[in-house]
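Common to both upcoming complexes is chain A, partnered first by chain B, then by chain C.
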Partner chain A sequence: MTAYTAYAKKVFLGRSAYRFDHLMSILSTVLQFFIFYEIYRALYGGEDKVDGITMSMVTTNFVLSLGLGTIFSPDDYFLPNKIWDGSISTELLRPISFKGRMIAENVGNSAFNIIFKFIPVLIIAVLTTGVQAPADAPHFLLFLISAVLGYGVLWTISFAVQMTAFWLVNIWSLITIKNVFVNVLSGSMIPLWFMPEWMQGVLDLTPFASIYFTPVQIYLGQLSYGGIAVKCAIQIVWTVLIYLIGDLLWRKGQRKLVVQGG
Partner chain B sequence: MKDTLHLMAVYTKTTAKAWFQYRVDAVLRSLAVFLREATGIIVIWFTLLKFDTLNGWDIYEMLFLFSLLFLTYGIMIIFFTGLRDFGKTVRDGSFDRFILRPRGLLFQIIFVNSDWFAAIGHGGLGLVLFLLSAGKVGIQWNFFNAIYYILTVAGGVLIQGAVFLLLAALNIYLLQTESLREMLYWNMRKFAGYPISIFNRFIQVIMIYVMPFAFVNYFPAQFLLRKSDMAEYPEIFMYLTPVIGVLMYLAAYLFWRFSMRFYKSSGN
Partner chain C sequence: MGFIEVKNVSKTFRVSRRRSGIPGMLANLVAPKYEKREAVKDISFSIGQGEMVGFIGPNGAGKSTTIKMLSGILFPDSGEITCSGVIPYKQRKSYVGRIGVVFGQKSQLQWDLPVIDSFELLKAIYRIPDDVYKKNLVRFTEMLDMSGFIDQPVRQLSLGQRMRSDIAAALLHSPEIVFFDEPTIGVDVVGKEAIRTFIRELNAKDNVTMIFTTHDMQDIEKTCKRVIIIDKGSKVYDGSLSDIRERYSSSRSLEVEFMTDTETVPVAGVETEVIDARHKRFIFGKDVHINDLMSLLLQNYSVRDINISEPDIESIIRKIYGGEGAA
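And then the complex of A and B:
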């Protein structure tokens, strides 16, 4: 366990070194938020509610999903980079689990992001636009749990896609296309309340709404306790299912592994 | 002159061959760029299924607005990939090779490389959006409007080209300008897909006077579409795109010529 903690800490400290990059990424998230905020202000045009959804609920959706997005940001190139430069061969010889290390480094990264990205973005958003408070204390607690589960869904999607790097030399395209799906369907660019009805049906069959939208709905108090239990169960099912697919690829991939030099 | 044209043809053929060496990969990469860039448009399409219009702009008018942005970038990057990657050329010292060759520096930088995936991804998207929207936004495609459109696309290409040229010249002093481009160009470009009238005054000022994306797509689209939010801006803005393009490019070019005198090789 201490080995994994060390890896997490290493990433945390490593990230602190690149201050300018870091400021840029905060700026980029804040600008993205303002663009969506201004678009919806124009779309609402002074109306209180659209389909029972208030402007401040829309704002809260964007702050939370873009904010959680800055925390989660799994490293899509963790495995591909190690396959390209051949260091995967030494990684596999180490006496600790590669997947464990992958998770540990990601958690270290996320811890850094909570403090140095999420909080600044949140403060700026609260000061300039106004974000709703959570429905009540139990809902806030359940929101935190659901956010962690959402992280699980996003991480396993990234994990499973990365595993195809064993077969495809260049998976930049695949990862980019994956991110398009995540961005459009997770609710971080369009609040899923406003998706057309046929699209809601499609969303129910995919894991994307489980990433940010479920935590947001819980935060806003839109779901009953029964509803929360169901949605969280769905998050867990997706995490396990996608992990199993990724793990299958991981085991097949190691047998297939070809290292070019290294 | 004939010699120069021949050289341009040879360079273009070589870069295209290099980029399309792995066919499946080339198709996938172009598709990925296309989809990545289309993300914002897919989102606005879903949004307008619900809300109908954004500050008076319907979905086809929005697509037309986006198409100018992507078309101009797609054309620009065919020529300016070398300037986009100029920082690397300076840092690894390969710029010295260019200096030794008996051709203009800018000529070589422009023609020795083209990011064909970006060109196809962005330009293809721009073309698709144009074809989807051009017939449905009530534009009379007469001779005059067609000439205006061509000039304004050329102006948009020059405006963005000037920014890339300026940033490339700054590499002579700073060695590293990627973050500056990220801040000035890419961050401001995020605003450019939408009618600038929805943003607050501060952003509008930047989009018009600092990083003039408004002249790449918003004002030209206004000339052809005449939406009511144009009342907030001077009418002359709709005619300025080619002029601003030429002036900005000229200024950037002079700065580039000036900066070259200070070039010190980083290689050994």
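And then the complex of A and C:
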């Protein structure tokens, strides 16, 4: 067993220790889903389609983007907490890559979330509001690939923001701002179909739209294969670009490191 | 060229100066004040392989900062460090696999897991071969007497038990260099002794190079031959423990109990302090020979008991910290 799988396993097992918290987090995702669902049902007012967008497309968007959101959930406070309480020093004493360890713990966490959070929420949604089936098998496969790439974008954004903790120590506000951007501009709160056309064009180029909305569009079969290639390329470019920024901050930050508490 | 070579190393932190109270807070928001604090100023030393060095100094002297630079966590602002041919902060990942660090104030163990599970995790992280792991585990469990609590969660251990587990954890991968940062802090007398014995034995048998910071002078007296004293970021002493005594102790004392109430005649160069009618303390400098003084006393008076007290290291260190260290 390598060190990284050991860390992933540790997180996976550790998560099951707090059962009440876990049940409540399922409940909160379900509640969030139903609130969005009810708001849009009221807005639709019994209509089948608004601007050519059906209610079932909207529902599917929420299930998928909230679902992917619960799976991804990178730990935004992984580094900030360690800098804040000084335990960063013990972390740096391990002969492994700190970034690798961040990813490993996140993967362990995601594996837990898929099985114990995403699947229960998906079942509840399918039984109550219904969810559209994927367009076809190839599109479903491409959806999975694009979802992993979306995870890459979300993770690197979190990674880069966390690295500012080397200078700022307390970065709660930055993380909150980041999360507002992610939630609003990624289409997980307001599906991007309802945005004005010029804004959709702008958002398509930002990293945010490529986190959830690209996989959702692929799932629903709204993109041609050429379109899918372009959007996935955008995802890859953003992941690489933001990672490089984060990595630069990581290397500069280590020189700046102040270990708090002696 | 030593095994550990530190050349003209400095490290400065920028600390914000907070003014107190709400007006102070508002003032800080508008115009924060920063000042530079030189944690380490131009320190140089060299340590040979297998040496055991005590690293002492008052709180805030820069000990921990130096240890953190030596272990690759912090980057020095200027100067050079090489440890066993490697620059710690530049080749961190390959270097830290060869060292062990014990922070007395920060546990490296997993809080919720049994001690043995933390060890297993370390085995994976350091890629410790099975046979080495087993051998070290058996050896440390016995030497540190850990068999009674090795499968208990860390949060349920006493401080002494936790510290022993932490020490074992830092040594499982057979490091070449071990840094102990206050390993006996908060541990009782018996526990301290066990830790010191363990450290001595490890140094003697495995030829592990060790650097040891502590505030407990007993730790240093019982483990290290050489000490480096730093104060306010600068090195003020580097040498053997016995030399410190030679150099800084201005006085020794002889406590005498007489058979009967006795008046003594003053002796040249010796200060006499009366404790009570039968007890006297004679304090004298280096120029007086203890033999002469004792025979003088034994010839002229009937003596019941004599007690020689060496100047205790703690009071000497206190003097050095106090600024008399410029010798």
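Criterion: the second predicted complex is superposed on the first by the 256 of 262 C-alpha atoms of A that agree within 3 Å, B and C clash if a C-alpha of one lies under 4 Å from a C-alpha of the other, contacts with A are read in each partner's own complex, and residues count from 1 in each chain.
One rule holds for everything that comes next: a residue touches a chain if its C-beta (ideal position, glycine included) is under 8 Å from a C-beta of that chain, and two chains touch if they have at least 3 such contacts.
Only a predicted model underlies this, so the values are computations on that prediction, with no experimental measurement involved.
Chemist: Scan A:A233 for contacts with chain B and chain C and give back first, second, both or neither.
Modeler: Neither: A:A233 stays clear of chain B and chain C.
Chemist: What is the contact status of A:S89 with respect to chain B (first) and chain C (second): first, second, both, or neither?
Modeler: The answer is second: A:S89 touches chain C but not chain B.
Chemist: Can A:L141 be said to touch chain B (first), chain C (second), both, or neither?
Modeler: It touches nothing on chain B or chain C.
Chemist: Is A:S97 contacted by the first partner chain B, the second partner chain C, both or neither?
Modeler: Only chain C is touched by A:S97; chain B is not.
Chemist: With the two structures laid over each other on chain A, which partner does A:F20 touch: chain B (first), chain C (second), both, or neither?
Modeler: Once the two structures are laid over each other on A, A:F20 reaches chain B alone.
Chemist: Which residues of chain B touch chain A once you look at their complex with the stated criterion?
Modeler: 25, 28-29, 31-33, 35-36, 38-40, 42-43, 46-47, 49-51, 54-55, 179, 182-183, 187, 190-191, 194, 198-200, 203
Chemist: For chain A, which residues are in contact with chain C within the complex?
Modeler: Spelled out, the residues of chain A in touch with chain C are 1-3, 5-7, 10, 14, 17, 86-90, 92-97, 254-255, 257-259, 261-262.
Chemist: Tell me, which parts of chain A touch chain B in their complex?
Modeler: 20-21, 24, 27-28, 31-32, 34-35, 38-39, 41-43, 50, 170, 172-174, 176-177, 179-180, 183-184, 189-190, 194-196, 199
Chemist: For the complex, which residues does chain C have touching chain A?
Modeler: 13, 64, 68, 71-75, 89, 92-97, 99, 101, 103, 105-106, 108, 110, 112-113, 120-121, 124-127
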